[in-house]
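Going in written order, the chains are labelled A, B, C and D, and every chain counts its residues from 1.
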Amino acid sequence: MKKVLNSTDQVVEEMLDGFVTAHADSVKRIPDTTVIARKDAPVSGKVGLVSGGGSGHEPAHGGYVGKGMLDAAVVGEVFTSPTPDQVLEGIKATDSGSGVLLIIKNYTGDVMNFDMAAELAEAEGITVEKVIVNDDVAVEDSTFTTGRRGIAGTVFVHKIAGAIAESGASLAEVKAAAEKVIKNVRSMGVALESCTVPAAGKPSFTLKEDEVEIGIGIHGEPGIERVPLQSANEITSTLVAKILADIDYTNSEVAVLVNGMGATPEMELFIVHRQVAKMLGEKGINIYKTWVGEYMTSLEMTGFSISLLKLDDQLKEALDGQSDAIAFRL
Amino acid sequence: MIILTVEQTIQWMKEIHKRMEVNKEQLTTLDQAIGDGDHGINMERGFAEVVDKINNTDYDTVADVLKSAAMTLTAKVGGASGPLYGTAFLKMATALQDKEVNQQNFKVAIDEALEGIKMRGKAEFGEKTMYDVWYQAAAFLDSEKVEDWQELIEACQATIEDTRALIATKGRASYLKERAIGHVDPGSMSSFYMFEALVSVLELEV
Amino acid sequence: MKKVLNSTDQVVEEMLDGFVTAHADSVKRIPDTTVIARKDAPVSGKVGLVSGGGSGHEPAHGGYVGKGMLDAAVVGEVFTSPTPDQVLEGIKATDSGSGVLLIIKNYTGDVMNFDMAAELAEAEGITVEKVIVNDDVAVEDSTFTTGRRGIAGTVFVHKIAGAIAESGASLAEVKAAAEKVIKNVRSMGVALESCTVPAAGKPSFTLKEDEVEIGIGIHGEPGIERVPLQSANEITSTLVAKILADIDYTNSEVAVLVNGMGATPEMELFIVHRQVAKMLGEKGINIYKTWVGEYMTSLEMTGFSISLLKLDDQLKEALDGQSDAIAFRL
Amino acid sequence: MIILTVEQTIQWMKEIHKRMEVNKEQLTTLDQAIGDGDHGINMERGFAEVVDKINNTDYDTVADVLKSAAMTLTAKVGGASGPLYGTAFLKMATALQDKEVNQQNFKVAIDEALEGIKMRGKAEFGEKTMYDVWYQAAAFLDSEKVEDWQELIEACQATIEDTRALIATKGRASYLKERAIGHVDPGSMSSFYMFEALVSVLELEV
């Protein structure tokens, strides 16, 4: 393992320290917690938006804290959901009396820890609502199982719920908008190489020189299928086809997110986007706006994910709203 | 007859930590195969915190020790295993509140822990999770009076082996479908170490 | 070599295509060239700013095209300076009659190709000025040799010259501001792992599991020294010490750029920034603003660079100016 | 006596391309050691374009062929080698404009090419660049009348070996200081192939 670290059990602490030092003009760390909050949190009269998860997904989630997006991000150990008490601190730091919405990615750990935090917050008299993002079409959506995972499409939930909250909407309205995004966003990813969790010291999985893993999650979990390395166009087609098969995008306008998993050169992401745009064009799906870059990473994993969000007028307006978040300026 | 004293309970936590330390890499490797590769790290970190907490606290009852462990696991582990084990130990603590720990009460406590995991994780038996091991442990305690605690270890051991053959329907391993077959569930393994640690202190002369 | 590509000799073409497709609202590609220009170029009454270089440094340089930064970026093959005719197209596309400033990184190839383009442009009656960025303190500054390289500090030149140009300044004024930045910016980098040029198909260099290369350029050129892998704090200290030894930053305010080379997790960059901030704090150097992320990459190289820009009031104001560039929104 | 016809000049370019193709990886590997690892790629791409251009054009003079090559290299290669070789061939073309290519005129043309590289790259002899090879080639042509063109190849070959021992003070290799010692300069190597290709066509029966 070759990493720029001081000590494997201090990575989160030191990252948070470096992060708030770098961005002290817009964010703050709630003392003795792993919570990054807007500098002006709680914002009076505004619904608080709290998300988070394990670390290792940078710029998620601290990079999405700022006016127009999240009020707080709660950070756990690498790839490990934060604990209920930390999430509770995030909730308390952002509640201005208008209630708090938790944006949770659908992983057992995240759901349980955020649930427990919500219970604790309710016990303290804070109104909390939750939405659970499950955009990953690689995983089957079934009520008998854990259901689909939440991956990069979550960024759109942050952005749109953030804009709606900024407009002064009520907790119920912000939640409804977030759920509309969740209903309309689908994603899927692929890995060419694994990442290495610092404390584990060895790669999470191993692929052969000519193999890729289709349908990976964002924690180095294995995907659904190993296939031979194909051309950029072929891999992209596989992912896009799977996404398009899941909900009907016909004649719609979409936002596109081509997300690098950590080590993929941006050059390759643009080559992927080229094919995404081509396929959508052929299907008569109109691209409203595109983001290409690293938005929800898995440490230094090589690979990418594609997310498509089906838009309506409300979502478009919210997507265009101003954002001061460090990793999503608009 | 009291089967578990405060001293033994403290020792139980220390024995768990010892096992998590020794098997940290094994648990992480199991989790790399069908999860996200942090289970050993989570468990070792969590029980190190538990031991730390316990070393700095005085306890009057077994329930208090277990409650300390529960709170610490919940607050320090995160992930899926943090809330699940936190809940399990909290439910045990509650069940043993103001009670001496004889076999009957302990059996009830394990039943409660089992219910806690089920409630928190919405798991059923046979979904290839830690629930399977707790389920077997509870079933074992239900069977008459225990003569030889080693048999508890064997029951748990067998369950672990059973998880190997299963498809998972809860937790991260569920994403893998058929590909999870052939791999032991990491949470079942760490639960096994907990019961193994328990037996090692139950058999202690105190 | 494991990359998301269709064909190694189409990477630049397909990347450019994907790039303009993704960002068609703000940039355009000059037809049949490798020039990315502001959609509204040439901007009347404004000095044109043209930079560029080989590709593989994404988001440089296309990501810096936009209001408040560059008017055009001219892209070459991977790690290969663009040719004079392409640079000439960039100049022609951005000259509104107020002249064009070329921002060149100090590499023999870049300097020669941009020089030739400037001669061709002058022959066509366009006034062209040039500045040459040489911020890399890993390389000795000597008039007998090629001199120091231009690396990530170039981004500050784009930003500040861009803001000055946007304010309606003359070509001479924009050039003077760019030169002031060049005089006051220093950088240095380190690599943990090499990158692989697609057409080469194998890594540019090989490091042992416990080795890092100090003082690397941005094209996979070897650095100045191989040393054992050290802690984040130690590596950072080495780089910062070298930078601070080069010009006197005492009692000054600085802008900091911690730049990932392509595959380094952002988490690690923040751990680096933490130490940078600590060292500067101890020396009484005040951080005015910080950027942490990928700004001048070398494909999927693992490693990072640190840049420090000494500021005065003019530079601060220009640094704060609005920018619509995709990779440097402000 | 005419030593180079239009046909031979066209063949010269094709022979260069052939060598760049065959030695693409070698040149790239040399450039990986002390540069940025693209020299073979640049050269192969550039001369492929030259051949393409030449195949689609009719030429009356040697100068015209060389001018085509120069323009193509300048417009298609980029990097350091594009402008340098572009300039070299352009200077040769200019020197041979309206002249037949006898040994005397060819010698002058190579001198001009040498001056062009020097002007463009600000290089001197002994800085571990392609200039070294052109310098030796020019020096060789200065020495009386050439009897055996193989000697030109030998002169260039020796220079390449000489670059191995040098510290570079121009180009990317200069960043490496002492670490460049022991490595052949990639541009010198590609220049060697150009002269090797030249000799192969000079000796052609036409």
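Going forward, a residue touches a chain if its C-beta (ideal position, glycine included) is under 8 Å from a C-beta of that chain, and two chains touch if they have at least 3 such contacts.
On a predicted model such as this, the values are computed, not experimentally measured, just so you know.
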Those chains which touch subunit B and also touch subunit A:
none
Which one of the chains is farthest from subunit D, going by Cα centres?
B
Separation of subunit A from subunit C, taking each centre as the mean of its C-alpha atoms, in whole Å:
29
So, in whole Å, the Cα centroid of subunit B is separated from that of subunit C by 54
Please tell me the distance, in whole Å, between the geometric centres of subunit B and subunit D computed from their C-alpha atoms.
74
Multi-partner residues of subunit C (at least 2 other chains)
78
Topology of the chain contact graph, where touching chains are joined (line, ring, star, complete, other)
line
Can you identify all of the chain pairs that touch?
A-B, A-C, C-D
Can you tell me which positions in subunit C touch subunit D when the two form their complex?
9, 54, 76-85, 107-109, 112-113, 116, 138-139, 144-146, 149, 197, 199-200, 202, 204-205, 217, 219-224
Within the complex, which stretch of subunit C touches subunit A?
2-7, 11, 14-19, 21-23, 25, 55-56, 58-59, 78, 192-193, 195, 209-210, 212, 229, 231-233, 235, 256, 258, 262-274, 277, 289-294, 297, 299-300, 302, 304, 327, 329-330
Inside the complex, what are the residues of subunit D that reach subunit C?
28, 32-38, 40-42, 45, 74-84, 120-121, 169-172, 174-177, 179
